[in-house]
Amino acid sequence: MTHLPLDLQLLNACAALMLLLAFAMLSQRRIVSLVNLYATQGAVLAATTLVVAWRTGEGHLYFSAVLTVAVKVAFLPWLLHRLIRRLQVYWDTEPLLNISGTMLLGLVIVVFAFALAQPITQLANTAMRDAIGIAIAVVLLAFLMMITRRKAMSQVIGFLSMENGLFFGAMSATYGMPMVVELGVALDVLVAMLVLGVFFFQIREQFDSLDLHHLESLKELE
Amino acid sequence: MSIMTPGIIEIVTQVLEVVAALAAAPLFLGWVNQCRAWLSNRRAPSIWLPYRNIRKLFDKDAVLAENASPLFRIAPYVVFGTMVVAAGIIPSMGTRLPLVIAADAIALVGLFATARVFLSLAAMDVGTAFGTLGARREMMVGFLAEPALLMVIFVASMISATTALPAISEHLATQALGIYPSLAFTAIAFTLVLLAENARIPVDNPATHLELTMIHEAMLLEYSARHLALMEWASALRLFNYACIGFALFVPWGVATGQIGPIALALSIPVLVAKLVVAGGALALIETLSAKLRVMRAPEFLATAFLFAVLGLLVHVLLGA
Amino acid sequence: MTSLPISALSACLGVLGLWVLLGLGGLVRPMSVKLVGRTLFPLSALCSIALSVIAVLSLAVPAEHAVLPIGLPDLPMHVRLDALSSVFLLLLGASSAGISVFAAGYFRRGEGTPPGLMCLQYHLFLVSMGFILLADDAYAFMVAWETMAISSYFLVTTQHRIPEIRRAGFIYLLMAHVGAISVLLMFGVLQGGSWHFTFDAMRAAHLGPGWAAAAFLLALLGFGAKAGLVPMHVWLPEAHPAAPSPVSALMSGVMLKMAVYGMIRVTFDLLGTPVWWWGLVPLTVGLVSSLYGAVFAAVQTDMKRLLAYSSIENLGLAFTGFGLSVVFYGAGMRIPAALALAATLYHCLNHSFMKSLLFLGTGSVLHATGERNLGRLGGLIHRMPWVAWASLLGALAIAGLPPLNGFVSEWLLLQSFMFSDRIPHEFVNLLIPMSTAVVALAAALAGYVMVKFFGVIFLGQPRENSLASAHDCGLLERFGLVWLGLGCVALGLAPVQVLRALSHVTRELMGISLSQQGSPWWLLAPVPTRQASYGPLVFFLATALVVALTVLAVRLFYHQRVRRGPAWDCGFGGRTARMQDTAEGFGQPIRNIFQSFFSIERELPTPFDRAPHYRIAIADRIWRGLYQPLGRLVQRLADVVAVLQQGRISVYLLYSFGTLIVLLALALVS
Amino acid sequence: MELLLVLALPAAGAMVFGFLGARREAAEINVAFSLGTFLAACALTVRVINHGNQLVAHEQFFVDPFNVFLVTLTAFVGLTTSLFSRPYMRVEMAHGRVTAGRLRLYHSMYQMFMFTMLLALTTNNMGLLWVAMEAATLSTVLLVTLYRTPASLEAGWKYFILCGVGIAQALFGTILLYFAAERVLGAEGVTALLWTHLDAVRSQLEPAVLALAFVFLLVGYGTKVGLAPLHSWLPDAHAEGPTPISAVLSGLLLNVAIYAVVRCKVLVEGAFHSPLPSRMLMGFGLLSVVLGAFFLFRQRDIKRLFAYSSIEHMGIITFAFGMGGPVATFAALLHMTVHSLTKSSIFFTVGHAAQKAGSQLMDNIRGLITLSPTVGWGLMLGALAILGLPPFGVFASEFLIITTAMREQPWATPILLIALGVAFAAIFGRVQPMVFGETDALRLPHPPALLPVFAHLAIVLLLGLYVPPYLAHWYQAAASFIGGP
């Protein structure tokens, strides 16, 4: 095989890591470790950003890397941990679909994602175009995770990791979005988390649990 | 026929016809009754009986129920009037009648309907059990008999491409003698309708007051004196009219067609009388041979008539004859 | 004819505007019966008369166009006044004049909508109908069409506190709306991709045969639903009894005709030359409806329901005539086509007078007795002679008895059937004459129905003691009744003049004017006199003369002594009002003969009953067999759909996920 | 300048209320801010009419006929809603359903919501559009859960998660769009997301990528439009929040979301000429119409009822946009306008009705017309209008849509026919007994504000009978560049 330059090898490694983490989250049922996985994902994302920044020498990417670290590695995990401690939710109950089945499904999804990425990768001139498929896969896997989980908390984490996937996609496809957008998105994510925090407490005080089966009363079906 | 300002001769014919009808109707009724009596080995009443009856009724004082409305008193005149006018339309002697262009066969059916409606309304007016019962049965008979009659006429009209009765009979009379299967069907239908409409056996029995069976009589129960007289006369007229319609449609020969002269008229009268005599006999025969139907069965009887008429139409359209 | 000082079209619009103002006037003092009843309604009656006069004058003049400043950006509302519109405007004006006068005396304060508001709705109803007739583009037409439905709906639900009335209103508006949508689709076809919704554009557009047929059938569906043709008739017997009587009169007498107008307008004007077989559909539907309506009318026990069913019958006859004329026209037989069309129009005119008259009569009875059930009426001819004799006139007319108007249109219809064996299509020319039998049967049944209607309500003995206190209607009501009655007589005795007016329409639509070959003014001879002619005037005079002579003779040669005594009743004593036939009893023969039409449930008394009790309920098979299953089907579908919304967020996410995947796959393969 | 005001006023409002929202006259201040916004919007409109399209702030903001009329509409409905919410929230407080603190939150978030929507409408940057949409969700979530009832919490949660996830897809779509654009517009990035530039080069954009992008964008923004089967959040969110919020959600947010979808559609259709996008839109539209109609049938809660009717109407609009062509597009724009006006006015009356009856269950609402005729007639007329009965404007648009469909997509018309029929039966069958009949409702401490209701209905009526020329001009201008000439 042709020998790739180091940075590309690094990037591919990151991509692989992202995918791995996504699967790990899919299979993980302890919420605390979910949070940790999420933090790791953020770290990998930041690393990717850094490498890309170093490779392309685009200033704003450094900034966005810092931003990522600040928000997704430091702040949000901290917030989540705090919430977990306050709300006493450590475990998610048995997911709607058992782990192995979920895994299998995830595999299928990955294949599909790669198929989707084909037309894009052919066009992409970026260094890590192959990663685009992985980005899509991460997004869809996060989606799958949200579907299968029963605790509000883990659903939220799924939501956040989907965000990660998106950023990874942006990074791999286009070396990130314009600054304005990145800021805006980050802001939204932050606000979203705050709102969620409020939410958790409200739900908690209403149903004294974060189990989603309390939230199934509004429906058409009697 | 083209519109001609009716000349004196036509006017005369017209009046003559009407008067003749007025005069002959009770006589015809009497004749039928006589035949019935003979056929059932009874001593026949005088043929003039209907006249005497009518005169006697005219002499009497009229008695009206307390709650009889004006409608009750008007009805006899209306019924009588319509029957007379009908007699004026039907070509019994001559076909060139001034009144004819004013009312064709469809209007004739309408006339009969008018008479029937007024009769029934009058019967309901006093509000007796019998009256309403009679009215209901009469209308039941009517709403089946009327379309049947209409279809009968319609077939004839289609054959001769006109709805004007005289024109029809002229057409049928003047053209070469041919076999009309459609007319055969309609003739049967017409006979049934005639029996039903004139309250003859098997549908009704003019000579009974048995509430289970009577139709026509039930409606006249509250009438007396001159009103009753008019009603009786009117029903006699109706029988006569129906007979004449039958002649016009099925045995039109002998009627004075074309420009009427006194001679033609003079010739047509004996023919008419002959027809009436035969028809009366036939009617009496039918009545004696057939038994009275239950009222509930009357609709089936009339449905048959209706069916025959429609069959006649079908046959005509199919065979074009 | 003389030409107007201003254009007839603007005059019509002016009248409509006046109506709107009068309606708004009601809002000034909504609760005041005096203002509404004594001022606004009489004025609006004057407007109606003005409208009918304009319509008559504008019959002969060529069509006028105008464009109103309102409407959609590219589609301002077009209006047009031609012969067809004029005839129906005449219908609207003439009959609404009588109805409005009657209404002036009719509306009283009480439960339900305040009179002022009702006045507004009533006039919006009138205006919308007028605008339908003037509309010359699809948008204007549809707006007017639906406004008519809404305003009449509000009038129907005046007594909205009564659940049955709310139900009736609901069914009515639902059917109206579905019908309107199909009319809308019909216009969608007609515009033929030209994106111009003016009728002119539609006249110009060339449709493929398939499209044209589709348009025709859609029109039949939409307008048929309004006309109450079977099986779309279910709303009619519900809505008509629910409404106040003047409104029932207006709906039955005028609104139903709008459907006929729409049908004629679309078929002969917009679609150009119809294909002959199209006509078979309305012909069949019309025949079925006429028979169906007549049979059901004969067994009703509610007087307004009876009239409603009789409306179904009459509209059925109208559509029969229409279908016949389509067949003839498509087959290239112009004169018969014109004749059939004239018969249709004539029948519409007649029915608007007769049926309005009868509905108003029932209104007065309702006011006087508070009873709609035939089983509790009777003998009213003594208490309320005006209403009774007016109703008698209407009843005789609608029963199709000469020399009144009902007979004329039937006569014309039968005359046009005379041609039906010359249609150049095997089997069709064999079948259509058959349908004459149905027409005849329906007509005869109408007689039965009317005898029942009049006899049970007005004749005999009162079936309830309360009826003794019944009072005759007021002055204004009498005006209304007499106006409509005179209309019936006039239409009956002067058919030649009416037909001359109608032949403007036939000339406009078919290029054929019904010739009166040299026949005098008193003789109706649309086809060669040799073939058929009818001179009601002579006819009437002859009958009158004979009757007069008879009376005279009786007076001359005999006495006229009259004694009043108890009814003889064949010698049975102790007769009570209960011994008369009830409405059920009178309908009994029809029930037996046409048993298969109804779904009947009876409660017969057993010989051992202490209090013997007989009840019979007659229901419409179509309602049971078509609409109820339909409702259940929708309900079931709704239940099925509801499964989607089952509250679990994971499932919802799954939907999004699935959608995403599917669409992505789609995008991938394409 | 006006644009700045349009955006600044609500933003400032949000800030202000953040501090002194608890004051007694907060409602009046709210009205004042909305009024200011509305006036600014009118000024902006005038400018656009006079000077044509506006590109300001380094092309970051862009105003053309399409969004200027939405801006005005949004500002207007925002104003009327604030008028309505004044007495409404007072009554809610009197009934003790909200506290002063919550009221502060309410007013602040109300203005915030206005700001986000106006931002989404006016921004030229697809990325900012996304940000604004997400922000709109966030600002309304707290409003939906204002009452803190279990139901409202559940509704809020679903709203948050479903829309959040949906919007995330939209972000991915935006990224792909950016990716496609970058290759044409060069990597300097800044301009590559500006809609005007994208529009300029849309024919050169890579079809394959745009197809994927469009799918992601459609699913993303479509979730907010409430297209079936992505609609699940909509009825809950509409039913459980305070009624003014239901009004703006249904009347404005959905419009904004559709606006976003349409902007994307324009780009994609320009890029490649396969009928895929329009087919997708039509499919979504029809599905929403049908499902919405059948959902209507089982409703007990009055606000859910009209929420589903919103789904149905969004379906109609989407279907019309999908058909394309000047007529259908024109109709769709008109329908957006009249629907938002009518639906919000309906929610106004519904709010008062529910307060009178003390329940949102339709079985408990009876005979409005007898107790307070204005509310009753408002509801009745509103319902008739939304059901597409003339002479109201909804009919005008449905007229054009259906007639167009009959020629362009005849296969779809039976579906539309059935759906409209069912919807009519469902809604009207419910509304009639609420308006008519006997009643046992109670009087309210504060007189209801019915001016907004009848103002809206009057405009809708006007649009049904007469579309003012300049308005028509906008519509046609917008239609011509969306649906192609």
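A, B, C and D are the chain letters, set down in written order, and residue numbers restart from 1 in every chain.
To be clear about the criterion, a residue touches a chain if its C-beta (ideal position, glycine included) is under 8 Å from a C-beta of that chain, and two chains touch if they have at least 3 such contacts.
From a predicted model like this one, the values you see are computed outputs, not experimental measurements.
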item: Shortest walk length in steps over touching chains, subunit A through to subunit D; value: 1
item: Of B-C and C-D, pair with higher C-beta contact tally; value: B-C
item: Identity of the chain that, by mean CA position, is farthest from subunit C; value: A
item: Per-chain Cα centre nearest the global Cα centre, belonging to chain; value: C
item: Gap in Å, rounded to a whole number, between the CA centres of subunit D and subunit C; value: 44
item: Whole-Å gap between the CA centroids of subunit B and subunit C; value: 35
item: Centroid spacing, where centroids are CA-atom means, of subunit A and subunit C in whole angstrom; value: 70
item: Between subunit B and subunit A, distance of the C-alpha-averaged centres to the nearest whole Å; value: 101
item: Residue numbers of subunit B (touch at least two other chains); value: none
item: Two or more partner chains touched - positions in subunit A; value: 116, 143, 146, 155, 215-218, 220
item: Interface hub residues of subunit C, defined as touching at least two other chains; value: 641-642, 644-645, 649, 653, 656, 660, 664, 668
item: Contacting chain pairs - touch in the sense defined above; value: A-C, A-D, B-C, C-D
item: Subunit D-touching residues of subunit A, taken from the complex the two chains share; value: 116, 119-120, 123-125, 136, 139, 143, 146, 152, 155, 159, 162-163, 166, 169-170, 173-175, 177-178, 180-181, 184-185, 187-188, 191-192, 195-196, 198-199, 202-203, 206-207, 214-218, 220
item: Contact set on subunit D toward subunit A in their complex; value: 60, 125, 127-128, 130-131, 134-135, 138, 141-142, 145, 148, 150-151, 153-158, 160-161, 164-165, 168-169, 171-172, 174-176, 178-179, 182-183, 187, 189-190, 192-193, 206, 208-209, 212, 235-236, 239-240, 295, 298
item: Contact set on subunit C toward subunit D in their complex; value: 69-73, 138-139, 142-143, 146-147, 149-150, 157, 160-161, 163, 166, 169-170, 173-174, 177-178, 181-182, 184-185, 187-189, 191-193, 195, 197, 634-635, 637-639, 641-642, 644-645, 649, 652-653, 655-656, 658-660, 663-664, 666-668, 670
item: In the complex with subunit A, residue positions of subunit C that touch it; value: 641-650, 653-654, 656-657, 660-661, 664-665, 668
item: In the complex with subunit C, residue positions of subunit A that touch it; value: 96, 112, 115-116, 140, 143-144, 146-150, 155, 212, 215-221
